[in-house]
Each structure stands twice: as structure tokens, then as C-alpha cells.
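These are the structures in question, set out in turn.
Okay, so subunit A shows up in both of these, paired with subunit B first and subunit C after.
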Partner chain A sequence: MADDKKFAGYVCTGCGLGERLDAGQLETTATRDGKMQSCKQHEMLCSTEGVQMIKDDIANDAVTHVMIAACSRRAKVEAFNFTDVALTRANLREGVIWVRPDTDENKETTQEMADDYIRMACAELKSMAKPSASGEQSLIKNILVVGGGITGMTAAIETAAAGYPVHLVEKSGALGGAVGSYYKVVPTRSPYDAPAENPIPALSEAIEADGNITVHLNSTLTKTDGAPGRFSVDITTESGTTETVSIGAIVQASGWKPYDANQLPEFAYGKSQDVVTNHELEALAVAANGGPIKRPSDGKEVQSVCFIQNAGQCSDKDGHLTYFAGVTDLVSIKQAMYFKELNGECDTTILFDNLRTPGAGGEDFYRAGQNAMVTFSKGIASEVVPGDSLTVKFEDKILNEQTEMACDLVVLATGMEPNSGPDPYAQLMVDEAEDEAEKAKAQAMLENAPPSILNLQYRQGTDLPHLKNGFTDSHFICFPYETRRTGIYSAGPVRRPMDIQQARDDATGAALKAIQAAENAGLGRAAHPRTGDLSFPSFRKEGCTQCKRCTVECPFGAINEDEEGYPMYNESRCRRCGTCMGACPVRVISFENYSVETVNQQIKNVDIPEEWDEKPRILVLACENDAYPALDQAAQAGVEINPWARVIPVRCLGSVSLSWVTDALNNGFDGIVMMGCRRDDDYQCHFVRGSAMAAERMSKVGDTLDTLNLEPERVILHEVAITDVERAPQLINDMAETVEKIGLSPFKF
Partner chain B sequence: MSDLNTAMIEKYRSSFLKEVEANVEEGEWVKMCMQCGVCSGSCPLGKHWEHPPQEIFMMIRAGKREDVLSSDSMWMCTSCYNCIARCPRGLPITHIMHGLAVYSKRLGLTPQKQPTAEFSQIFWDNLMKKGRVNELKLGLSMYFKDGFGQGIKNAMANQKLGQNMMKAKRMNAMEFFGGHSVKDLSGFQKIIKKAQEIEAGNIKDFK
Partner chain C sequence: MTEVIATNETILVVGGGISGMTAALEAAETGKQVVLVEKRPYVGGRVTQLYKYFPKLCFPTCGLEINQRRAKMNPNLNIISMAEVTDIKGEAGNYTATVKISPRYVNENCTACGDCGKAVEAEFDDEYNYGMGKRKGAYLPHRMAHPQRYVLDSAIIGTDDAQKAKDACKVNAIDLDMQEEVIEFKAGAVVWATGWKPYDANKIQPYGYDRIANVITSVEFERMADPNGPTGGKLTRPSDGKEVKSVAFIQCAGSRDKNHLLHCSRICCMASLKQATYPADDVPITIYYIDIRAIDRFEEFYQKVKAQENVKFIKSKVASIVENKENGNPTLHGVDTEGYNRYADEHDLVVLAVGMEPSVDKASFPVEITINEEGFIEPAPENGGVFAAGCSSDALDVNRAVQHATGAALRAIQVVNRVAATEG
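And now, the complex of A and B:
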């Protein structure tokens, strides 16, 4: 096999590299230390001729491994896109010359830096293989949409319009979901001056007419097995017949359920029939059939109505929702306008604390409500006294007084709760609870878990993991549709509270992501964020101890176990973060182009000067998603980094093996800086749990340092955001200061 | 039903809001207030107002008819237009305040001895006599509005100012006798009378 490999290095002298560095020496380093079989220079490697030179070598000289010493691996990716070889990049521009001052006294250390990066790149390349797909993949174009509400219907229509067959599964006997029962909806088109027609009938017609959409009514999913590109899903009807379909990717649009207003006794809900929720008012408006809305208790035409905003939401009280449904102020304006439309001179008052009307036309619609003589009073209701005429007691926040008003009907603007399946990590939350109160809360959640929606046959549970308040987890800032189960996208109010327009936009986005996922799976390529990556984890079975740590710690539940307890990776579920690799205590998990060995070799090939040279070495393990780009930007901005730093990008801090730390210290590194994304509650980790896992693992690094008799300050882990352009280099420079203070490592041989 | 119940039912009903909309100049804007409070925060005399504009608007919606119309707040407005310039909803707040003052005056609900209201009345009466403002008589009316003794005191206190104005020919003592007038005084008075008739005809009864 070894004979088949041919290593070639290329050193770029453009962008000032040739002037600042001794290119000849770099070439020597690549061939002598890096063992490249050939090494060429080019004055502008990313130019057409430069790229052609490399292409020719690959074609004519059977080069299989390419080392490019030029700019950051994040620059010129289109030019240096050689799919048939293993590729590595030594970052001499952003990593060396742009972060070092161009002066004679710095020339030596700058050259040392560049030489080291060449050695590192060559060493990495030696233990890399060209990534290629496993061959297990297949392309199934069917998209499954779970939930036949407005989100699901939109997702189905959009998917079918893109030419992909859809299976639309709805639990009830009709499409339409919550919106289906509404009288009218909040307007989504200019001039936003009146409630608009319900869009459901038109959508139902479109679905009926679409030959690409198969609707399964009265049906649920009883089993979802497989992986993106090859899901096998059992769709079971109420009567018990089961159909098994092959599915490429899934959109979960299981929607929401109204908050249970029985938890609001102070507002006489349940005590008086004339206290209704916003959800129930829709039925009253529909029942009015174009005539005046009548109150439930005695059928009297409503002449005065009071809306109580934020009933049981945005509140820390027991049993209340802590969050705002986002839409309920717009909904109340819409419903107040029902009364203006149907009940003539009806007095309508909306008691609000903070009126929030998001969306393009929100403010216009609010104004339209005011124009229609809906009275908006800034007040907080405390009690509703039942009676023939209801009395609403409230605090007028503008006039600063406790007051009350009488009305025929009270509408409670209650919130939305997600209609999710059980959280697969509920048990884990019980086990890891830090105090009794937290444990009791987690236990209650576990016991009151809703029935499963997807029935996934995954090692880590049957449904999508939750974020907060039961909403499905997704990378909230950057990739909202991506859940923690690859190829399954959540859309609509199951993801976060939202209005109809947002849900429809969400549905369209999720539908397109699902199509991408199915297509990517067909080619064996990764989904977000390492889109297109062909490498996937594999393990050396002889070395595996069946400890199950990888199967438990995978943030995406990608790994199942076979009968003997060995991991099964399901590469199309995998996001290629390497958190399993960082977890493995026996280091048997690797990717073709990223492994414990590829990084270890880089660490070992850094030239460690003798102690009396007084040149420390600092290892920086930077997350390629945020920290590494932040360093690149810092370099562009000309922020200086001390010459002792050697930066190695990692796929995620979760992939960092403790052995890298130990080996680096043993090799004489004086300090180690790890940079990952923000973790835990408001995480920004692109792989959700990777950064948190790393922090947990590294909390034990103190023991290692103890055994080596080293100071604990030598290893530090930071949360770095992509915007930390000034701070990221500063953290490295801080470590240099720390090293200066505590002295060089004694491990220099 | 007892009076108390009737009063309670009237609360937070839009009847007063509708009255304001019908009878107060620019009153149709009141419902558009979004209670942000920028007007109250912008008013240079705000701290002297019993109810700043934002509160007045809320009281109108809450049906506090007597409290609003007998308040002296809208009489405090100096027409600096800060509120109008800043209102995010574009309400002509200054004009609404003047409209409310006029309406309260019409209904006889203006507080007794409200200085702005008193001055306005004196100014109006003075103007109506000749169709022109007679500065000398206007000044004297103001001096003597609280009685003869107080008038003499006021006149003595401002003696120097008066003399200087005469020296500078800003005021003419002869104005005391008759004073200057518009050319067609009876025509002027007819115009005003007609305007007042039209205005009174537009007032809707909300009793």
C-alpha cells in the first residue's frame, strides 16, 4: 500500500510570503523533515497556472497526498479543491506573516513558525487518507412530513413543488390543524388593516390536486428505522393497518397545543362559561356564522368584551408558562376586530402590559385595531369575578390605580405549548440533577412524558431532543431547522412559538433542508455544518472495549449498538464532529482525514527548542467553526500573536482527545490553549454538545498535570465566539505571559 | 340599578371616547395613542401638569369624563409643539389639548380662577370689542381682574415698565378712550357670530 502513496508539497510565495520567509528553507523543511517526495514553489499558487501545476502532478505523477503551504485553510477553498487526493494546508499567511511584525529582529522566530507549520502539515498528511463515502448510501427522494397543520401542509406543498414525492401523515381525520378551525387569520399582506381569510381551504385543495402528495389521515408513525437517505417508516392507521414506506428525510411539524387555562382559577376559567381562551373564541366566532358573537352561558349577544393579555404566560408563577407565545397580542387584536365586524357597537378592551406585534405588518395591524375603536389599556388583570355581568379587576398602569370594569365576555390570551415527543434525555436530566428541586422537576417531566411522535429506533431514544420548555433543540442562531437528529427537521411552533406566516416560512425552509439532506445522504456527504464532507468515523474493532461512551455521548444520537455492544456508526446520521473520537478512551475511532493520530503527529513534529533558548511553545487547539475564523480575521486586521503559538484547527472541541494534551505536555509544550464555542444553556457550539463535553472531559485534566508535576495554569479552555477578533489572539498572548511568569516546562528533551 | 353600578358599567366603555371624537377638535386622534409616554416626557412644563397628555388620553379611554374636563392640565399647554414633533404616532397633541380646553370651557367645567382660562377670556372680550387688541386695556384688565385694590398694587409695581413703553411709543395712553378698530366692525362681529353658530351646531349631545 505504501508504494501507492505519493506525497507532494507546494509552497506559495505570493501575498508577501516570498519576501517575508525563506522559501528555499521551507522547501527543504518539507522534503527533509516533512518527507515530501517532491516540493515545488510557485509565486501565486492559487492562480490558474498554480492550480494547473498541482492538477498536472496529480494526473501525471500519480500524486495522492498534497500539502499546500500558503494561506489559511479557510481561504481559496475553491481554487484548492482537489477531490481525488488527501489534502492539507500549512497556514503561512494568516497563521504566520500577518500576525508577526515585519522587522529584522523578528525574522528568525517568524521563519521558525513557518517551518513548524510545514512540519505539522506534512506530519498530518502522512497519517491521512483520501476520504471516500462508505458505499452504504442510497438516494430515496421521498420526504415524510409529520403533522397536517398549516406548517405540515406548506412543507408538503413546497416539497412537492420542488419535485419530491411527499408522504403527509396526520393524526386526526382532517388536514388543517389548529388554524383550520379559525374564523379568520392575522393578515399577512399589505395593507394589514383587517383580519384575512383562512388559508387552509385553499391549501387543502392544492394538496388534493397534487399527485406528488400522499396524505395519510388518522395515522401515526409506529416505527422509524434507519438513517437519512434510507429511513424505513411504519405508518399505522387508527384501525390498525400498517404501511411501510422508504423515506429520504423527515420534516416534523407536530405543531402546538393550547395552554390549559384550568390553571388560571383567578380568572374564573371553568367557573363561568363566559370566560374563554383565545383558542375557544375562534369556535364562538365560527358558530356566529356571520351574525353577532353570542356568549356561551345564555346566548346573549356580546356587547362588551375584555381581552386579558399574557394570561398564564410570561410569568414565573407556578403552572404558568415562563415564555411569551409571540403571537397572542396580534391574535387579540384580530379577535377584537371580529367583534367590531360582527357585533356592531360592542365595547372591546384589550388589557395589556407589553403589547408586542411582530412581523412586517404587526404595527400597521395594531393601528388598524385602534382605528376600529378597540380600546387598548395598559393594565394587569388580577381577578375576574363571575356573575351575570363579569367584573374584571385590574391595575391601570397609566393611571396608577386599582380599578375594575364590567363586561359580557372575557377572553384569556393564553400561550402555546409545543407538541413534542418525549425528550430522549429526560432520564439523564434526572440522573444529573444538581439539587432536589431540579431532580423533582426532571422526574415530573419524565413521568408526564407525552407519547412518542417519531418512534425512532435509535440508541438515544425515540424522539427529537428538547431545548427548553419542550421545544425541539436546534442551533438557534445559525441553523434553526437542524435538530439533533440528522435528516429530521422540525418546523413551526414545535420549534418555537410563532405565527402563521413564520410557520409557513419555517415550513419552506425545513422542506428545502430535508431535500438537501436526502440528496446529501444519497452521495454519502455530511449535512450541516460540515456540508459535503465525505469522511465518516470508523473504529478498530479489535481495540474496542464496548464501553459505549461514543454511543452515549454522540450529540446527534447517530451511533447505535449491535448485538455484541459494538458501535454502529450510521454515517448518514453523522455530522462528522468527532465527539465520539474525543470520547473514546482507547482511541480506536478515527476519520480518514482526521484522527487522534493526525493531530498527535502535528504535535510531535513541532520543533521544541532547548530550555536555554528561552523559546516557549504554546499549543492552541482552535475550533474550526468559530475560534479559527476569529483568528483568521484577527490576522487580516493585523492583530499580533506571539511567535510561540502553534495553532491546530479541530473539528469541534468535543473531538479533542485527552491524549493530545498529555502528549503535548510530555513533548515539552509550555502551555495549551483550547478554544471552543459557548456551551450549555445558550450554547453556540455547532455540534450542540461538543463544547460542553470537552469542558467536562478537560475538568479532569488537572489530575494529568498533577502526575506530571506541572502547574494547572498551563492548560486553559476558553469559550470563543467568531466575533472575538481582538480577544482570541489576546488569550494566546495571555498564555505566553503566564508561561513567562511560571517558567518554561521542564519536559524539554 | 344603583348609581354606583351605572358608574362602574360606564367605566372603560368607549362613550366618552366617542364624545371626544365627535366634539373635540382633533379628538379623533385620541384612540390612536399607543401610550408610549414620549409626550409626557417631552413636555417642558410636564411636572406642573396634574395629568400629562399620555394620562389624559388614558383617562378619556377609561371614561373619566368629569376628571378630564374639569382638570386644569390642558390649560397648562404653552404650545411649544415638542410633543407633536416627537409623537411616534403623529398625534397633534398640542391641538388636542387646546380642543379639550375649548370643550371644557363650552361645558362650563373649567376650574375657577384658572389663570390661562381667565387670560383667554379677557383677551377674547378685548378683541371682540373692536376687532383689534387694545394693549392698554388688555393690560389694565389683567391688573384689575382680582379687584381694585390688587389692580392698584399691580399698576404701581409695573409703573416703570408702563412709562418706558410709552416713552418708546409701544403704548399709547389715548387708547384708553375708544381705541383703534377694524374698518368694518359690524361685519367682523357678524362673521364671528356665524362661526360660533356653525360650531355650536356641530356639537353632538352625549347626555
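And now, the complex of A and C:
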């Protein structure tokens, strides 16, 4: 009820604000223009007393909406963390006095800036409500782990150990995955001096003994419906029986598949039985049953073996893998040591270019290989000639010459390919291909898509989106679990090529994220990066034109469509970026504390001086994660910003509604600067395509400018990084110069 | 007095670098009570001192902003800065930690307005910039420092500067009588994330880091490249301040060497490849290496840098560096093992890709813990409720450290959940 709202403003006069600005005037602006029912000044609002004053007003005077005019919203966050009210902050310190010179001639424009920020904050507050969860959420603690290899088994055990029930689904008839069939593994504990016992049997026992883990063998997911906190998953066995389980969150550990060595005819794979891959060698070692390893062609005990590193990987040749498997040098050392252990005096040679055995364990194990008299030879193999004895031709990099060696067996150290489902954006890649070659490649990918693993009932496809080479999220360095499908975390070699130890660490990390996603979904809280955000998008159905832009453009596949084509929001899949809001041409999508209206009202409440005042106004829409902090830092560093600028932080440039631009121009703003993140393949946008989509949408701004008969230079979009401390203010100042050149907007009423 | 409310269901995180921050935030966002103890006056650790990350060449401060926002918003997380854990007693599910907090001389009133910094005069070597450049005796360690609060260098206490700082402060934030505190609190599990330090280049005598001005370390080069760093982003020679016209990177400086660090530090190859993108295209760059260890997806970045026309690779462990006294150029001596040719190459600037030494003090570790020959904490069951995260477990890049730390958070949660179930 509108009557229950109570708006209170607070103006801080600390940090020089009182000296630089007319606080009485600010108070008047807040009450007269901003319609705050009360407004108080305090000499240090962030102090215990200042905070207590606000708390008391909330408690005693039933204040529901609080406007704090003080420092940046990034400062004193802990002090001003009033979770029971709608809250907005006018940035008078970093936004005004720190970016303006303290001189008499600037006093007027500085005060105008501050007054505007107060008006904007009040206007924003007027159209805001305190965010609260929808009440639709439920807490389901069950975690689903897809894939029963070492990664999935570890994820299951670690999840169960935290007290969460697990459904572990494995396609084949046994747990263990690739590692299950290995003779031994690369050691994961000090002293890293010899191949270690296979951990799978012990893990299998642990799972069997764990009452919290339900294993589904010979099973796949035939349907995954819902959202974090309320997934409904159909697990179907090979024989066709289906069980439906309720799931809170998912770990996808679907593993890897060995590279197809048939693509390496130069190494006689397929022509000689005695050329095997590293994966196949494990079977020979197991078959040896503690005796010497024998070669496949004639059962002769192997007396000399050559390992060819990087066979079909780290190469840009057609059909080869461009990346490194991450583990194959360690694997070859391990396997060379099998021969030393089982075949006595067997000659073992590893042909390598760069031997990649990183970390403490890696380097120790390399040394152990050297101590075991494995020969490491810097050389690049070009050909294997089949015969009773195999001939390996190679370039000796040390002697700089072509040479060859004879051996009984050749092992190709081939790479790992991710076992991921079809990429939901494969079609988009076809559509957006820049040339024919790229298009053909994308088309081939689309046509040869692997079967689905998750069978998600999502508008945007059945599986996790791919990064490069079919691996899944994340590409963020700081946030390896920042997935594009909320509450679904991939782990192990489906995410990136990795060794056993890393896969197990990864599984443990993914298990934590799954548990966290289930818990937060239960509370209606957003997942990373707006963790804890309780607001969620809602839409006015009567205004919706079923254009489907929101359902198509949501970076997280959060929105489904009902039969009539209306969006169906899934609160717990949503990451609160507002991309749907920016996409909506009829402006029916909003958050309680962030909407087309909250920003529009800010724009409309900037005081636009008459044309003859010659005081332009420049609207700056700045991404809250990068551009806004860059501007704050500029303020700290004392970099000047033009007094005509009015900065509004936005959740993501993807949330920017075209109407803000149009309205700002109609209201007499003279220039608009938008600042978003880097948007190439190495995109920085944590909402994936926000910055790119804004760029695309704003390309249409030209028409608007045309209609209004305004110059195109008045609206500009930049990629701004958080480090652009000098550049970000410069871009604003540049716009001020542009405006000066082309003149004021005629739309000043 | 610093108050900490903690129980046997609290998780103690030791070290607030990217691994500790991650473990603390992930646990706190799962609803656990977390106390994070950080030695420096701010969180973020060495990542705050990086200009760019490999292979995306994006800025670490971008992620730092998100992590710090998460920290500010989360009432479950209590950060104690300028503090060190001196003792831990007890067992998994029931530890008592002793924490020593050094005086900051600045209380929570601080608004980071900067008045004290302007008032004081004494300057000190800026540790944030590895001693390149100066900072004031009252300072904010870096612009994004969290907590966003100034620090008074203890060296100015008792001097006029201290009083000047106090007088300049309008919000009564400076407390010159602040004393060192020792506090004790409970914790059910401990995440040990004390990170790493750059290997002391002075110990690699043949490379003359202590004698030759134009031989610097990779961490120093990183600060130099940062536009917000001590040289404003200009790559200059320490000897004469001239712009650098050729750069040599020496890999495995202190790593993979039984005289120094036994282990491969994993990150240095990628760090040098990244740093090879910092100078202008026309600056010749030579990378002296044993193996280029570009793991998994990093291979593509290696190929990209390799394709840069100004970058050359020489497979060689450099034997020694001698300074050309006339121009200050370091001359590198060694043998190129591809073809066995001797070389004596002169460069403008030499960057030592120094290794990662774990900041795990075996001698004074507060609980029984399994530490390997290299000085890293092993994932041993005997460690009880103490779990290593990030570079205290192995030499890791940021991505792997964060991944590892997220797992460590779960291990800690398993312990406190068991406590909750029994005390329930």
C-alpha cells in the first residue's frame, strides 16, 4: 500500500562535503524536489551515531525508503547495509567534490551536480521497493552428479560427507570411468617417485558404504526440468525404467574421450598393431598381470619402447587438437616406469619438445623418471615406419639433425577431448559466422552434435554452453565455477584437460558450488556474481507482445516460454543482470529495485538548464563492476570530470533500455556515454554478452537520432576496464568537447 | 578490543589472498560463519599487484572488485587485517586459535578521505610496488584496498608526523595509542591459505640481481607495466630511467634447481609469455627457457606469443650475467642447447622469472601438519581439520588456486557440519 511508504533522506556533511557544498540547499532539494518526507544532516553519517540515527528512524518512524547522500555506493557498504528498507545512495564525494576543483568559480556547477544527484537518488527511490524473495523457493538438498568416473565419484563422496544426499548417475555398467581401467596412476602424494595404486577400488568401496549416495548404473538423464532448488530429473535405465528425482543442484562430470589416433597415419597407427595410444597401453599393462608387457602383434616381450609426445595435439594441423592435454607428459613418464618395473632392462625413450610436468609433484615425478633411467630426448617425431621392428624418424633438437631409432613398441601420447553435450549456441554460431569457412565449421559442429547429457528442458537448449574446443564453462580466471547455467557445475576434464589430482580438487570445488546453489535457491538468493541479491525480474503480462527477445537473449537460459509464447521466469536460474530488461522493447520487465522506471526517473529528474545558460548535460551509463569503480578510483586520484556529467551505474550494459537513451535525448541531454566491458572472445562481461548486446542494440540508436535530427556523435558506447582510471574520465570529458563543438541539444524545454 | 564471535562451527581462514578470499567467501555464501585473518592491511594478496592475467590479458582488479563486493555484503564473513595466527590448539571440530593483531593506528571511523596522507611528510619504500617508488607514512596501500581504511606506518608513531596525521583527521579515526592485541577464539575447521612469495633473487648469485641495476624480477616488471604502478606503466631501465629497447626473460630463475627451489613453479612460463606482450611490438624479446610449460588451454596463448615477430626463444639455462659497465646492459652467457652454441647476448633489461616459494613456515606451523620436501602442505588425513588452499598446497596459477580453494571450503564445511550434527 502506497500509504505505508515512508521516505527519509540523509545528507552527510563529513569528508569535506559540508565545506564544499551547501548542505541546507541539498536538504531542501531532497524534500522539495525529491519529495523526501524527512531529511536530516549528519556530520559523519557512517559513524556509529550516524548509522544509529538511521536505524532508529527505521525502527521508530517506520521509514521504508532511505536515501543516503554521502560517498560512493562502493564505500562504507558495511555501515549502510540496511536490509529492511529500500536503499539508494547519492554519490556526492567520489561523484562530485573529489572530481571537481575547489575554487569559487566552480562552486555553482559543483553544487548543481550535487543537487542533481540528490534529485536522481530520490527519484530512483520513489520507484523502488525493497527486494524480497518471491516465496516460490524450496530447499531441496539432493545433489545430482552426472558421470561415475573419478571426478563424479569424488564429487559424490565429498558432497555426501557434508551431509547432502547424492544421486550418482553413470551411463555404463560400472563406476570408475577411464581411470578405472588403468594399471596405476601418476602419484598424487609426496614423494612422487613411482606410479601409485589405482584409487578407484577404494572410492568404489567408500561409495558402496555411504548411505547418502544412491548409484544409478546403466542410466542416463532423459529429462531435466525446473531450476536450481527444484530440478525434476528423469533417470532412465538402459532397460527403459524411469525414476523421477527432485534435485537441488547438479555437478556434470561427464569426462573425456581419447583422441582418435586414426587421424595420425604418419605414425602408422592402424597399420601396425605395435603402435598404440597411451590410453591403450594401460590395457597392455593390466593384461601383463604383473609380468612383462608384451607387444600386441606377436606377444613378444617389449625390450624397447618409444613414446611420442604431443601426437595429434598442440598442433594446428587439420584434425589435430590445438591445445595440450595437460597430463600426457606425466602419463608417459608413468608408463615408461611401468616398463622399468615390469620389463627389466627395457629401453624407454620419451621424445618431447617441451616436457610439461608442472608443480611440485610434476617436477619430482620427472626427476623420478630420470632416476629410473628413462631416456628423455628432445626430438620431434615425423614418421613411424612399420615392420618387425618399428622405425621412428625424428628431428633431434639437440644435435639439430634428422635421425631415427628402432623399437618394439610405439606409444602415442594423444590428447583428451571433452565429453560434453551439444552446444546450445551452435545455431547462433552458424548465424553469426563472419565468413564461409567459419560458417561451414559451425554448420559441421551443429550437424555432428553429440547426444545430450542433461536433456535440460530449457528454451535455450539441452546442455551446458561450450567454450572453445567443446569444453564447458568457465573462462573467468578468478571464477572457475561461473557457469552460464545456474546451479549446474561442470567438473573434471569436461571443463578443461586435467590430471587426476586436479580433477578430484575440481570435483570437490564443484560439489561445494552445487551445495551452495541449492542452499541459496532455497532462500531465493541469487548465485554469483550478484550473490545474495533477493530481487528478481517480473513482467507485466498484459503489456507483453510475446516477441521472445528476453527468452532468447538471457545469457543464462533462465527464461522459458509458455504455450502462448509468454516468458516464464525461473527465479533461481536468474542472475539478476537485467539483460531481459534491456531486451524488452515494450518495457514490461522490471526488478523491485532496478527497472526501466528507476533509471528513467533519474534521467527525468536531472535539472536541465535553459539553452541560454550554456550548461550542457551528459548522461553516463556505467557498468557497476568495471566502469563505475574506475570512475571512483579516478576520484580518489583527483582526476577531474566535467561538471556537466551525470553518472548512473547500471548492473550491466546489457540491461540498458533503448528508452533511456531516447528519453534522455528528448529531455534535453546533450550527450550520452555508455561504458561497458570488453566484448571479444576474451570477454570480461560477467553477464556474458551484455556489453556486446548493448553495442548491437545501440547500433539502432542512429534512427532515433535521425528522427530527432540530432548528430550521431551525441551517443557513444565504449569498452572500459576497471583499470581505466585516467581514460574513463577522459571519455566523459571528450563528450563534453564534442558537445561544445556541435552545440547544445535543441530539446531543452 | 577486537571482538570475534566464533564457535566450533566457525571456519577460520588464514590468509586473505585470492585463495583465502575465495575459500572464505564460498563458505560464507553457503551460510557458514567465517573469520578471515590477513597479515597485510588489505585483502587480495599478490593478485592485487598483478597488472594482467594470462591468458586472457584481463585485469585482476575486475575480479577483485567482485570479491570485495561479496565480502562487504556478507555478514557471515569477519575480516581481521594486519593479523597473524600465532597458535592453534585442539582438534578437528574444536580448535582454539590465537591471533596477534598489529596496530593500524586508524579505527573504523576512517572514511579514506586522504587528509592524513596529505599531512604527513615521511616517506617509505612502497611494499605494494615491491620497493619501487615511495609511499607516505599514512597511506592507503592501493586504491582499491579493502578494508578501505588508511594505515599509519609504525615508524612514524612517536614522531611529529603521527601528531600531524591525527590533527588532520576530522573524523577522529586516528588512535595513536592503539596497541598490539592478542585474541583467542574458537573454530571448527581451518583453511590455510598463506600463499607464496617470490623466490629471493639475491640467492641466485650468477644472475647478479643484487649487483646489476638492469636485472629485475618478474614481479617488479609486473608493477612497472601497470599504468597505476610506480612508473606509470612505462617500461624503463632502473639504471638510467631510459625506455627499454630490448628485454630478456630468464625462466626457472630459482625453480627446478636443487640449489634453490626443487619444484617447477608452474606459472612462470605463462607469466613471461604474458609479460612478453607488454612492451611495444618493436622491442625485441628473448626468452631463455628449459621447457615452456604451457599447460592445457594455455598452449594456444603460447602459440600466439610465439608468432609475435619480436619474440625469440632460446633453450638454455643461462649460466651467468655480467654487466657491461659502459651502458649498464646485462650480458647473458650460456649455451643454446639446440645445436650447442655458446652465446654472449646483451640486453637492455633482464627479467628473472622468479619461482614461487610457499609461505608455509614448517618450523613454526601452529599444528601438526604434513609438509613435503618442497615446503607445500600435503593433503594428509593426519592434518585433521586443517586444509591447505591454493599455493600453500602447490605452485598454482590463479585459476587452479581458486578451484582448489573452493574445494578446501567444502572440506572445512564437512567438519563444521559434522559438529553441527552432533551438537545439533
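Simple rule for what comes next: the second predicted complex is superposed on the first by the 741 of 749 C-alpha atoms of A that agree within 3 Å, B and C clash if a C-alpha of one lies under 4 Å from a C-alpha of the other, contacts with A are read in each partner's own complex, and residues count from 1 in each chain.
The definition used in the following text is that a residue touches a chain if its C-beta (ideal position, glycine included) is under 8 Å from a C-beta of that chain, and two chains touch if they have at least 3 such contacts.
This is a predicted model, so every value here is computed, not measured.
Chemist: Overlaying on subunit A: subunit B and subunit C, fit or clash?
Modeler: When both complexes are placed onto subunit A, subunit B and subunit C end up clashing with one another.
Chemist: For A:K441 in the superposed arrangement: first (subunit B), second (subunit C), both or neither?
Modeler: So A:K441 meets neither subunit B nor subunit C here.
Chemist: Could you tell me if A:N354 is touching subunit B, subunit C, both of them or neither one (first, second, both, neither)?
Modeler: A:N354: touches subunit C, not subunit B.
Chemist: Is A:T375 in contact with subunit B, with subunit C, with both, or with neither (first, second, both, neither)?
Modeler: first
Chemist: Would you check which partner chain A:K604 touches, where first means subunit B only, second means subunit C only, and both and neither mean what they say?
Modeler: In the superposed model, A:K604 contacts neither subunit B nor subunit C.
Chemist: Give one of first, second, both or neither to describe whether A:I398 is in contact with subunit B, with subunit C, with both, or with none.
Modeler: In the superposition, A:I398 contacts both subunit B and subunit C.
Chemist: Looking at the overlay, does A:K300 come into contact with subunit B only (first), subunit C only (second), both, or neither?
Modeler: The answer is neither, since A:K300 touches no partner chain.
Chemist: Which one hits more subunit A residues, subunit B or subunit C?
Modeler: Of subunit B and subunit C, the partner in contact with more residues of subunit A is C.
Chemist: So which bits of subunit A does subunit B touch that subunit C touches too?
Modeler: Common to the two interfaces on subunit A: residues 355, 378, 398-399.
Chemist: Where on subunit B does subunit A make contact in their complex?
Modeler: 8-9, 11-14, 17-18, 31-32, 34-35, 54-55, 58-59, 61-62, 89
Chemist: Which positions of subunit C touch subunit A when the two form their complex?
Modeler: Going by the criterion above, the answer is residues 18, 26, 29-31, 47, 51, 53, 56-67, 69-70, 72-75, 109, 111-114, 140, 143-144, 148, 170-171, 226-228, 256, 262-264, 266, 291-300, 303, 315, 337-340, 372-374, 376, 378-380, 394-396, 398-400, 402-411, 413-414, 417-418, 421.
Chemist: Along subunit A, where are the residues that touch subunit B in the complex?
Modeler: 304, 306, 347, 349, 355, 366-367, 370-371, 373, 375-378, 389, 391, 396, 398-399, 403-406
Chemist: What residues on subunit A touch subunit C, complex-wise?
Modeler: Going through subunit A, the ones touching subunit C are 14-16, 44, 46-47, 71, 74-78, 81, 158, 161-163, 188-191, 314, 316, 322-326, 354-364, 378, 397-400, 468-469, 471, 475-481, 496-498, 502, 505-513, 515-516, 519-520, 528-529, 531-532, 625-626, 629, 633, 636-637, 677-678, 682, 684, 686, 721-723, 725-726.
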